[in-house]
């Protein structure tokens, strides 16, 4: 159950960071409604951010594994 | 079980409070002109700006949630 | 008691963010003492920040309630 | 009861440590010129700037606390 | 003892996840041009930039760790 | 044991902030490897940051002690 909580917290954190980040970028001056340009920006930004997170995760984990193996062999 | 419910509610409350703090920070930067702060209550530009900032932020969240559901459905 | 702790942590967080924010704004270059201009800036900034937090809290909670009702009706 | 006291003290210690980390960050940005960092220990501008930054930050905190007490008394 | 091991592992996992979130944030700012985000997947500049950003960040960590060990040895 | 954990978390936090900060400063555009200039920047930045943290800690604790004594005497 602790593991499940960990996964949920991880997903929640991603969505939180993503919202924060894309809001900063896509809505410099909040108006009376979200313009269609701002909405498009949100979806584009969200896709990019999730890909970026994926890339970082893979690269990070691969590097850590490489370092641990290297440490074990030396 | 009641205790678990209670703790969950407290957890949710804590998350909402944290969102409000972080959103205040974000919107203050967007709505209150940089440099020295003008004396007096929120003026006729600052007050609606703060409210709209909250609403557009939550609009943005909805856009993201909808997209995430679309991705899930694929 | 957990509820009390929650409220206290909330107040503490507000004061912390406020201090952080107003220090950034009001004291660009820390000198050998707080000038009276910097002191005035602090009180003004603090009032604004607390009002901003109030506005955000109200708007945020109202919006969440509206969405939950909407969700219930659909 | 002793355990509670102990946990409270640990909690306070953790908060002070967190404040010191956050303040180091804030003051480093204000006092150490952006771009490449100069070699060697804190120089004759950086060192007093860091110390004054801490003191003015805490002065600011005091101004805020005094104002809050005034508001409470009303 | 197994429980302790389990909690330690979970703790380490949580720290790695937090690092990945924070690094995504940092590298997104460095690698995805400010302003409106371009539609589509990470392009041929963004993708290697994100990967290199992770690697250089971890290179930097290693430099710091080595220096810390030198200091310890003195 | 809780005290030990506190000390370890404190050290870990310092290294984390330091890495974050020095990476921002020393590697504006991550390339295919860390240049020797970037590496030098990292060690210099690290030394400065640790000194800055030391200075802040001392000044902060001294100030808090002074205020508590003052409060006790008044």
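As written, the chain order gives the labels A, B, C, D, E and F, with residue 1 at the start of each chain.
Everything below uses one rule, namely that a contact is a pair of C-beta atoms (placed from the backbone, for glycine too) under 8 Å apart; a residue touches a chain by one contact, two chains touch by 3 or more.
Since we're looking at a predicted model, the values are computed, not measured.
Student: Determine the shortest chain-contact distance, in steps, between chain A and chain D.
Tutor: Between chain A and chain D, the shortest chain-hopping route counts 3.
Student: Only C-alpha atoms count here: how many degrees separate chain D from chain E in terms of the superposing rotation, rounded to the nearest 5?
Tutor: Rotation angle, to the nearest 5: 120 degrees.
Student: Could you find the chain whose CA centre sits the greatest distance from that of chain C?
Tutor: Between chain C and every other chain, the largest centroid distance is to E.
Student: Centroid of chain C to centroid of chain D, CA atoms only: how many Å?
Tutor: That gives a centre separation of 18 Å.
Student: Taking each chain's centre as the mean of its CA atoms, how far is chain B from chain F in angstrom?
Tutor: 30
Student: Starting from the mean Cα coordinates of chain A and chain E, work out the distance between those two points in Å.
Tutor: 12
Student: Please set out, as single numbers or ranges, the residues of chain E touching at least two other chains.
Tutor: Residues 27, 31, 53, 55 of chain E each touch two or more of the other chains.
Student: If you look at chain A, which of its residues touch at least two other chains?
Tutor: 22, 26, 47
Student: Output the ring sequence of chains, start chain E, direction chain F.
Tutor: Here the ring, read from chain E toward chain F, comes out as E, F, D, C, B, A.
Student: For chain F, which residues count as touching chain D in their complex?
Tutor: Chain F residues touching chain D: 2-3, 6, 9-10, 13-14, 17, 21-22, 25-26, 41, 44-45, 47-49, 51-53, 55-57, 59-61, 63-64.
Student: In their complex, what parts of chain D are in touch with chain F?
Tutor: Answer in residue numbers: 6-7, 10, 13-14, 16-21, 23-25, 27-28, 31-32, 34-39, 41-42, 46-47, 50-51, 53-55, 58.
Student: Which part of chain E faces chain F closely enough to touch in the complex?
Tutor: Residues in contact with chain F: 22, 26-27, 30-31, 49, 52-53, 55-57, 59-61, 63-65, 67-68.
Student: What residues of chain F sit close enough to touch chain E in their complex?
Tutor: For chain F paired with chain E, touching residues are 15, 18-20, 22-24, 26-34, 38-39, 42-43, 46-47.
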